[in-house]
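For reference, chains read A, B, C, D and E in written order, and residue numbers begin at 1 within each chain.
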Amino acid sequence: MADNTRTTTAPVGVTPNEAGEEPLLSVRHLRKSYGDHEVLKDVSFDVHRGQVLVLLGPSGSGKSTLIRCLNGLETIQGGEIRFKGKVVPNNNERAWRALRTEIGMVFQSYDLFPNLTVAKNIELGPTKVQKRAKAEVDEQMDRLLRDVQLTEYKNAYPRELSGGQKQRIAIVRALAMNPELMLFDEVTASLDPEMVREVLELMLRLAKRHMTMIVVTHEMEFARRVADTVMFLENGVILERQSGDDFFTHPATDRARSFLDSMSPVGDE
Amino acid sequence: MADNTRTTTAPVGVTPNEAGEEPLLSVRHLRKSYGDHEVLKDVSFDVHRGQVLVLLGPSGSGKSTLIRCLNGLETIQGGEIRFKGKVVPNNNERAWRALRTEIGMVFQSYDLFPNLTVAKNIELGPTKVQKRAKAEVDEQMDRLLRDVQLTEYKNAYPRELSGGQKQRIAIVRALAMNPELMLFDEVTASLDPEMVREVLELMLRLAKRHMTMIVVTHEMEFARRVADTVMFLENGVILERQSGDDFFTHPATDRARSFLDSMSPVGDE
Amino acid sequence: MVLSAMTDPLHVTLASGMDVLFVGDNLTRLLSGLGTSVTVAGLALLAGIPLGVVLGALRTLRNPVLRAVLRLYLEFFRIVPTLVLLFLSYYILPRELGVQVDGVTVAVVAFGLWVSAEISDIVRGALISVSEHQVDAGRALGMSGLQLLWYVRIPQSVNLMIPAVINLAARVIMTTSLLLLISVIDVVTVGQQIMEANRMTHPDAAFWVYGFIFFLYFIICWPLAMIARALEKRAKERNNG
Amino acid sequence: ACGNGPDPAAAGASGSGSSSSQQGQTVDEIKKAGTIRIATFGDLPPYGYVKNDGTRAGYDVALGNQIGKDLGVKVDWVQVNADGRVDSLKSDKVDLVLANFTVTDERKQVVDFAEPYMKVSIGVVSPDSAKITSADQLKGKDLAVTKGTTAETYFTENYPDVNLQKFDSKTQQFQAFKDGRVAALADDNTYLYAWAKDNPGFTVGVKTLGDESTIAPAVKKGNKSLLDWTNKEIKTLTADGFFEKAYESELAPSFTSDIKPEDVIIK
Amino acid sequence: MSWAAILSALPILEKAFVVTLRLSAISVTLAAVLGLVLALVREYRVPVLAQASSVFEELFRNTPLLIQLFFLYYGLPSVGVRWSAEACAVIGMSVFGSAYMSGAFTGGFSGIPRVQKESARALGLSPLQIIRHVTLPQGLTRSVPAVAANVIFMVKETSVFTVIAVPELTNTARDLIGMYYRSDEYLLMLVVAYAIILVPLSVLLTLLERRVRRGTFGDD
């Protein structure tokens, strides 16, 4: 699954993986600015089916922005995004709206709808957007809830859940749409330390089941375990892109090395 | 300095430390409720000069409440707090106000006054409360700022500082009163991971200089390094109290053990 | 200052002055005058709220022309005092419409338009106060603009709108005190009729009649304010929880 | 189609709908509608006021009720203040104004007056303790008037040195006067006679000011149909002695004995 | 539309304009000061006064200004208290406005994060020092938007002074209409006069709001 490109400049042109398959997602020359401030500068990379890509980088480097671009939540200033081989017309909300049912996303801030029960939160997308039959959706929901051991909270409101439970439900809500790609943006960053674990374990299980995922996280131990590929971003530029094992043992750039140092627990000098 | 009581019930009566000195702070049978909800139940412990006491426990166990009681920020329902040998009359705001110049406190959420510059923030307590001469205060401030390498931000407003810088200034502000005891309540919990380190390192330096401190934290690695004594709180009760080394290697209670497990990085099974 | 005026003869007149309220049908007349005021307020709200909701929703759209026009509409009502608005309608409405319009209708139209402007701002404010995270979460599920409005923005902002609307209702009721200036027989007009009819027997009627009307308005508007506050508090707790 | 009153626009919709709103309702339309809308004061005893039982009474009201009877329709009273009388006609809120409406040249340009039914001129009432006996004494003093009355116009034009305090309604001007907020009050003398009788300690020190004027019913400008009918009605009523009777029942009890019917009624 | 009528009414309305401005300025200032005192009394839970302040606010927020003015001007003299029309207007509006202003200030004070006051206490500051260094500077800044809205509201409400014969804008315009029957001209002048006061005022207050928000709190 892991591809072993070790390069500081991103490849240009669609790169088939070892199996010769086309990538699921392919990004070329992506540029994004807020006003004068260029946040992503010529970003290119591929993600293949079943691959887990971990995005690392200091605060403000553009990780969230990049991941939001991959779901069409931001307008972009240039470049090309290709999903399942087809180019997504830039900044076309209608095209993205259709794609979003195939790309699931979970945010850092709890994003369950507080006015709806857990069940209603999960059903909303499949029934109202995908227009699937409620019976079938409910059956799938029950399965997913059992999987995360939250069946008993089906009729609870988000406010009755702990932070970790909320994030697991948010993941279930995205999974209920049967996405082909999942995007995770620091989903454990707002959690109490004790709850971080239950969410990360769910994500590990997904990775083991070959879900294609792009993950932004500050949990280094988790990143090390889950990453097929690591992409290190700074100032909107991909500084390096390596297999997870290589990145954590011998990062290619000084910047990445000092970043890894700063993330290790205090006092390990 | 570390005392080696290993007990699940807190000692009663003031306990001199090895050197026979009276404790700096001594708490007996402290009780605190919010309405019907009893948050602290009969809490007793001592802190000696130069000692670092780390308070651990799951969310909602009462750590913040306890630390706030030690600065008179909460009214209490019973018990006795003794500082430098003298009993503090319960819920007497005037008595506490005098003591607060000797007990510094830093909160989780940034608590610098946004309407004042860094310098004004630091000067406020020493000049207005302690009525010290501005020249002398300024000299001390310059020394402290140099120590945390933030001299250049002297005339900046808090909004121009990063989270880590804000917390270091908050610590400097407390130190400028020359307190004999410092209270820290999860001062790194709102920080980006990269900024956590600069704050924890400052706290480590303080500990090395024998500042007496009570610290609530979720950073286990840091806790292990800094703690002379660890006190484990659950549901408002001190479940155990041990030297730091002992606590992290062989906690006495199952509850503490499972707590430590849950705090370790994911996937260490 | 008031106390210094409380000399002895006062107590004689106090008793007699209050009687005015209970002579003849005066009490019922006052109450029915108040009924007129409350009816006007009710009709104005009934007309103004739906219009305001639509305008408010339109103001969240991106169309700059539409937004500018609606903003101007709001600003007009913000600048012109309600009393002046009432006169404008009183003098201009019948002429422009070429039909007979009585004071009550004038008031309902004027207040209704004013209410719609205020409601549009309440609705817009509430709709855009829904956190962008929530809207992003909806978009990430593939929802369309209308679905976002219907499933995310509206349900999450009604509990902010309702207290504001109740507060506005109380304000509209209070503002109906201006009706006397356009010849509507409202509670104040009735009060003045009573003072005039009893000017010989109760020379101090003004104190009691105006005092009573003051009290009447208070017992209508105060509970509304309390309800609004309670709902506001609950909405805040919900949003945090 | 809105409003509580009768709806002539609907009544005349088939034919002269637009003309009716140009010139007001014709007599035929009023009869068809079954109601005539008359503007009057609600706070001007003994001319137009509301009794404690909520019914209207007074000299103007008696005339209006007689008109309603002779037309064979119900009277729909619309209470106005002085400054609302012209506009109530202009904006079709009423068919007829019977509200102590003094005939003036300015007003003739905006409404049509019928034959007068009362004589009037401006008077000034003041406290006995500081009696005002000529208008010149008022210079630099506060004088209460009601907005839209002839008294206001008269003093504005002839005595610019008098500080006019302008009130919305009769109630308010008399209340302010009695509270000692002003030195004197100017209004129609007939009205002041009645008020001074009710309020011992006050005298109408200036009985007539300027020219004697008349009070007449008014209709919307151009409403010839109703104007002609009203003229005929006033003549008939005068001949029948209606106004003497009304004077005796409505006004006399409120006036002091030095006032004679001839001071008020037009022969 | 007659330009002659407009021109001849200009000097009269100009006088009325000044009256409206003057009474607005006085009432707004008094209301702001009184409102601040009421809010502080409540913020610091001064016994008795705090409750009195709440009752005061409820009473005058929930009754129309017009009735309050009638009561002051026509009602009080019958029990022996007589104030001039302008005094009634200013007293009435200040009382009425202060009920709204105290709400605005209370909102500003309660918006200060709890930790701000606590960290001030933790530094040993006395309650008065906390008011001076924390509550006032931060609370006033936070209440600017609500206070600004109240200012606009109060200036508009001065139109109600017309009922107690204060020769302000609305009163004067109605009077002109009553005398000369030219409603179009005078109504237009009335609306323009209010716009001349309120448009610049509201622009000014919006600018102040923006500045204060940026200046003091940034993204905090």
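The rule we apply is simple: contacts are C-beta pairs under 8 Å (C-beta built on N, C-alpha and C of every residue); 3 or more make two chains touch, one makes a residue touch a chain.
Protein identities per chain, from UniProt: A, B = Glutamine ABC transporter ATP-binding protein; C = Amino acid ABC transporter permease; E = Polar amino acid ABC transporter permease.
Every value quoted in this text rests on a predicted model; they were computed, and no experiment measured them.
Asker: According to the touch definition, list the chains common to the neighbour sets of chain A and chain E.
Answerer: B, C
Asker: Can you tell me the least number of steps between chain D and chain E, where a step is a move to a chain it touches?
Answerer: Minimal hop count between chain D and chain E: 1.
Asker: Using mean C-alpha positions as chain centres, tell me how far chain A is from chain B in Å, no decimals.
Answerer: 37
Asker: What is the distance, in whole Å, between the centres of chain A and chain D, each centre taken as the mean of its C-alpha atoms?
Answerer: Here chain A and chain D have centroids separated by 82 Å.
Asker: What whole-Å value do you get for the distance between chain B and chain C if each is reduced to the mean of its CA atoms?
Answerer: 53
Asker: Where in chain D do residues touch two or more of the other chains?
Answerer: 87, 168, 172, 175
Asker: Considering chain C alone, which of its residues make contact with at least two other chains?
Answerer: Residues 91, 181, 203, 206 of chain C each touch two or more of the other chains.
Asker: Would you give the residues of chain A that are in contact with at least 2 other chains, written as numbers and ranges?
Answerer: As it turns out, chain A has no residue touching two or more other chains.
Asker: According to the definition already given, which pairs of chains are in contact?
Answerer: A-B, A-C, B-E, C-D, C-E, D-E
Asker: Quick one: in the complex, what on chain C touches chain A?
Answerer: 131, 133-134, 136-144, 147, 151-152, 155-156, 238-239, 241
Asker: Hey, which residues of chain E end up touching chain D in the complex?
Answerer: Residue positions touching the partner: 73-74, 77-78, 82, 84-85, 162-165, 167, 171, 174-175, 177-181, 183.
Asker: Across the complex, what residues on chain C touch chain D?
Answerer: Against chain D, the touching part of chain C is residues 23-26, 29, 90-91, 93-95, 98-105, 181-183, 185, 189, 192-200, 203, 206.
Asker: In the complex of these two chains, what residues of chain C are touching chain E?
Answerer: The touching residues are 1-2, 5-7, 10, 13-14, 17, 78-84, 87-88, 91-92, 170, 174-175, 177-178, 181, 188, 203-211, 213-214, 217-218, 221-222, 224-225.
Asker: For chain B, which residues are in contact with chain E within the complex?
Answerer: Touching chain E: residues 68, 71-73, 97-101, 103-105, 107, 109-111, 113-116, 124-125, 128-130, 157-160, 170, 173-174, 177 of chain B.
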